[in-house]
């Protein structure tokens, strides 16, 4: 990490495990005078292979726009599912929020500190509460209220907005609406949510109330990609906090806030640094 | 803690919250020249009151056997559910195990180091694997194998054994049998189990396999009192460990071992130090 | 906690341990129809006694302004050092900052969310970087630059400002100036600092660089009361984060930010809730 | 991890960073039909390069004893410091202890559970306290008492014993003697110690007493390679536990025990799995 200064390319690869994969990929890079900065790989017990390799473009002899066609024959040979990213291209991020502002704050502050490897280009709220915050940080805010009857139309409006901006990632920073399968499927592995429980415990509504009722001694927060199954998507990051009988539901909510915002920010950073690979309903996170 | 050297009495009280409770209890103690060592209380949002008060018996003018009748009028006045414990009376502990020995080891070693405020008087195994360990620590071991058809009889045998020894606490140190409601109800709030998940996630069998399948980033262990609802009893202590995609099910099992034994030992110590009060399906833990 | 709704009084007591202390204090409260909400006490091994007792004022028959004289005879009898606080009186907080804004952000956001049991009345910066943030949150900002030659004068100016506002607590939210003994002694146990290391490791300047050089696997942050000995004051709260060889100094700084702001906010909340008692160079924290 | 079933080779490499390193090493392996199981590398900001690559030997066409000469030309070309390990060769471990047995217990139990990728071949004690434990686990125990006047002779005796057994690793499981530089230099990066503090805080004797005096809110334990500078060697692993004003020195000692044994066992496992590379006074730990 903290190789921000360098201009790098990142290959994300998943395929069936085969001999020679690491060698062939790293040979390709070094042949064209790329210097590998980080290389991580993982062999799943089921025979799946995952790789993330990042190299310095300083002396790399293939121009950026020609790397894809140059690598394609290797990808085909091994049947790879793959992606090429460049560190100098900052993904565009859209945030969706309701009334709570703690997650929004955290992301905006990290963005301002230069910690987020991406650009926040839009905030959409189904309430207007966070509008002044958006103004302070100089990020466009659009109010799109949602009711049962307008939901379909409003989601269409949101998709149009996000697509017109070229949003790469949508972050639900405590957005209190369930998104339709249409919306979710329009952004596969591109919507990150924060659920305020240690999933799979306390799925659904009011997890802190559920935790309080059950009398657990630890609460959690889970950040995951959104799929059409509520709270069932691939988990990116989780965090916990210790609690006791002295904590009321309100205390859980308060302690949970610090947890939620940090776990969400962590997941967003991992995604933006191209460190997350999804397979089935799980993730490989190359930290 | 670490007031082991002193000879103390401990009152555990729960009742409806009323004015003057703390004053009356502490006044009772000081009137008879007891010096309060620790006093903790908790007011539940539902209006319940819990108190744990421990005092030095050195100058206390009421003899031990007369404290109960002396306190009874106060208890009646406020409708208290209460219990009196003495630090010099070591509870007797029976351990139930199957084949895994890591939790057993931990408890036996802490016992030997003088960390457990109780005496391990018996180990029962439904297998013989841990017998040499029992021998090394010089604790009686009884082999009571259990099959579907013999379960009722074997549980009766176990109850007879435990009752004849005057066992105060039964610890299931990874005991892989489900106990019958008859057995459980015979030892209310006196059986402590360790479940190898972060309850209420992954109830039931093979929680590490479930955790692996779900792709969580944190695993947990939960120690709780056993009730007739499987894995639903009041939680005493929980702990967690971080995991990643690199961890196979076997790694989870291995990392879980360190977790399980520490969480179980922690819960047993809290119970033995009379720090746990049960109400409904939850606990107040006065640490 | 989360008893915010109630109007309560809080007694903070320290003295030599003596029989009857808890009884006398709680008897005093119940005699005048106060209902104890939380009562905590601690007996130090050196023979010191500490108590924090909070009671509901709803039916309390002594008016607020007469509680001090009413309790004084008890305090004198036992030689108590004591303090009386009211939950409805919000302490006034002044923040001192330099250029970093992450701790400031955190405190301002918690303040806005109603989490801080106090009022932020002033921000002083020796740089102007955070001025827009102060404006957004509608808190007065004063720029008081400090140089070697102007330090004495500037500190006098700061003291005048804080005293004119009646500031109860001064929080150094990553304020990069060492305060003079005169300033520090003017606010005994009323200045809280965040040091970006796990004290007493890495005292002084550039602790993340020191941590990087030493090759530690865990970094920390420490919040403490400021005394005239640099980084030696009584510790209120500490937190840690795991790091690895992959983390550069810049990564430590970044990971440290999340740590610092949370540990500082935690310490400030504990102080504002009157949960911290100082004795010698240590604290009793009644959580 | 948990690739125990496979027969693998592991290359540990450190050298100056140069283009083509990863490619050349992985190409070497795949050329001879080795399938890479895990490959990790790290580029230090100072320009140092570290690599750990593990491959399946099942179809590898170079016999084990010829891998070293086959790889040597590559190593020379890049000026590598390197080491070759085989998963089927279990390192031999000697344990040194005094009176405390908790770390010893932990290591022996993990050994017995098959968790340690090595064989404990000898226990040396400067006291006889743990002899029965050694017997139970069926590990040879030798009593080598040490006094000021006999220290040199006794260390010679220990070295003779360890060398005659071919000990690869010496673990100080709370061994309360300071080893001479002669002894230490005889086993470079082959002696692992557990220090009962969060180094570099509380170097030297009685760290829990020091921690108690300072009033910290977190205690730690540090496992490191032993060098001739006391408590200054390269850190492998660290862990922490939260404490409060309620904890006496004895409580710290007790809580520290659980910490020490887990951190030490973790470091020993990392070393045995060839996951630790030392450079200067720091470590790269490929987890």
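Each chain carries a letter (A, B, C and D) given by its place in the written order, and its residues are counted from 1.
One rule holds in what follows: a residue touches a chain if its C-beta (ideal position, glycine included) is under 8 Å from a C-beta of that chain, and two chains touch if they have at least 3 such contacts.
Source: prediction; values computed, not measured.
Here the chain-to-chain distance from chain B to chain D, counted in touching steps, is 1. Across the two interfaces under comparison, A-B and B-C, the one joined by more C-beta contacts turns out to be A-B. Distances between chain centres, each the mean of the C-alpha atoms, put D farthest from chain C. Centroid to centroid, with C-alpha atoms defining each point, chain B and chain C lie 36 Å apart. If you average the CA atoms of chain A and of chain B, the two centres end up 42 Å from each other. Each of the following residues of chain D touches two or more other chains: 42, 246, 248, 287.
On chain A, the positions that touch chain D within their shared complex are 17, 19-24, 26-27, 29-31, 33-43, 59. In the complex of the two chains, the chain C residues touching chain D come out as 42, 44-45, 50, 198-202, 214-218, 220, 234-240, 244-246, 248, 281-285, 287. Interface of chain D with chain B (complex): residues 1-2, 4, 101-102, 105, 109, 113, 115, 132-133, 136, 246-251, 254, 257-258, 262, 265, 287.
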